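Next come two complexes built around chain A: one with chain B, the other with chain C.
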Partner chain A sequence: MSPPTPALRHQVIKIYKELLYLGRDYPQGYEFFKTRLHKAFASQKDLADEAKIRAGIKRAEFVKKEIEALYYLKRYRTLRQRYDKA
Partner chain B sequence: MFRTALLRSARQAICAAPRCQAPIARPVARSFLQSKQTPPAACFQAVRCYSAHAGLAKQEVEGRIMDLLKNFDKVTDTTKLNGEAHFHNDLGLDSLDTVEVVMAIEEEFSIEIPDKEADAIHSVKQAVDYILAQPDAH
Partner chain C sequence: MSGLRILVPIKRVIDYAVKPRVNRAQTAVETASVKHSMNPFDELSIEEAVRLRERKVPVSEILAWTAGPAKAQDILRTAMAMGADRSIHVVTDEKDASSQLEPLGVAKLLQQVVQSEKTDLVILGKQSIDDDACQTGQMLAGLLGWSQATQASKVDVEGDMVTVTREVDGGVETLKAKLPMVITTDLRLNEPRYASLPNIMKAKKKPLEKKTLKDYEGDFSARLKTVKVTEPPPRKGGVKVEDVDGMISKLKELGAL
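Moving on to the complex of A and B:
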């Protein structure tokens, strides 16, 4: 991905791993999530500029927070539904 | 808790000792301070701890990693899959797939591979060697 900057490479791999762990409970399934994530990361493989890579990592962090928020929302809705029904 | 177990085993060892060395007129009631140091070693060696390393055979590790790779959907050419296969050159996996494979290996053997070591695993052989070097791999 970024041969000249091993530290950045590690960061990218780290966020990739974290996203993969998060994707286990993705509503549309892990497979769906995994292929999408892989595509998203692979499409950025030609980035050579350090600033651009950092921006990409920022974006990945943002997506991670979005997924977390999605899970919270999903839980909230499920609970809400159950309480409303009763 | 541990201390009482230690004392008890020491006492047992003392009781057992005179039976085999009967002719020696050694006083049975030695002070505990003395006896605590010597006999427990012999006593505890006989006990195998649950946490002891069970020992993984190389073939077993290799087989499990191969099975894992066989079920990995991006490995299309399973004929090239052998103990020496390189993830990138032989199996056609990119670096992201390698990360996924390493994650799967982590789960299979219930260990955690640090990022630096995970980055160095590029082939089946390297993975097997790494797992064999880990005492807590299952």
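Moving on to the complex of A and C:
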């Protein structure tokens, strides 16, 4: 089976790499994150419908935003605890 | 006016999530093989500089600057990934005691950077989370004779007037000053963006200049001597008392009554 569209394939790999990079700072560790991320992508590997793949990429983008927000909030709360509540 | 030239000095510190350990000689905190990242307050200042540009304030250049060991290059890359245009790295030797910088030394260095780069606005983090000195910005403003607004929670630039709002006890204070000036950032100024992988890659193409302390004139050596570094005493657990009499006798025992 050949991939439906090379452009989409490229997008999927790109978002996967970006998520992997984000995972380096994950609170429960990189290994934890990496295996789960890999599983999540592998479970969708049989998607052939273009619209469904696009939806998957959208979901990945959403997860990326959520993780960035998680990192920001975690840091903000820690710093607030340390510096604001004197 | 052709546009603001913003200088953002940053510092590489032990990551906020790492619990620092005192070294065996009790002279400093262990830094070897500990995760480091950019001082969170400095991320706020980079973000603010980038946001000024995005708010269509004429900004001609955002320069990130740091003094530190060779690895401090990474945080300059992060700064450029967030939106700084170029950076200068003053490489210091971690092991060489004569190149250990204190806030005054950094302020003196920055004074020369400001003069050689013709900076109009300096945005610094209010303090670094390792030394917690909270001095560099104020000292720099003093050396330059510029206006300063510390712990800004909102910054507005209009022409050459800058309005800074800061959180003080029981309210907010609004300061107005003319450029050039020094601003230090507070925690609630903005929400720093994440330096994403593609942006980090792009940042590798941005210019990074390497310098040493010898490129600057003056004496930057430390004036303070660290006598001893110890960890805070462990917290003692509390006790539950049965009733009022129990509490009073406990208080008497502790000498509080």
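Quick notes on this structure:
Here, the second predicted complex is superposed on the first by the 81 of 86 C-alpha atoms of A that agree within 3 Å, B and C clash if a C-alpha of one lies under 4 Å from a C-alpha of the other, contacts with A are read in each partner's own complex, and residues count from 1 in each chain.
Just so we're on the same page, contacts are C-beta pairs under 8 Å (C-beta built on N, C-alpha and C of every residue); 3 or more make two chains touch, one makes a residue touch a chain.
Keep in mind that what you see is a predicted model, and the values were worked out from it rather than measured.
Shared-chain residue A:Tyr71: touches chain C; no touch with chain B. In the superposed model, A:Lys17 lies in contact with both chain B and chain C.
With both structures placed on the common chain, the touch criterion links A:Phe62 to neither chain B nor chain C. Once the two structures are superposed, chain B and chain C can be ranked by residues of chain A touched, with C on top.
By the document's definition of touching, of the two partners only chain B reaches A:Ala42; chain C does not. Within the superposed three-chain model, A:Tyr30 lies out of touch with both chain B and chain C [touch as defined at top].
Once chain A of one complex is fitted onto chain A of the other, the partner contacts of A:Asp84 are limited to chain C, with no touch recorded for chain B. In the superposition on chain A, the residues of chain A contacted by chain B and by chain C overlap at 17. If you check the complex, the residues on chain A that touch chain B are 1, 10, 13-14, 16-17, 20, 34, 38, 41-42. Across the complex, chain A is touched by residues 94-97, 99-100, 103, 115, 118-119 of chain B. Remark: chain C residues 16-17, 40, 129, 187, 191-194, 196-198 touch chain A in the complex.
Residues 17-18, 21-22, 27, 68, 71-72, 74-76, 78-80, 82-84 of chain A touch chain C in their complex.
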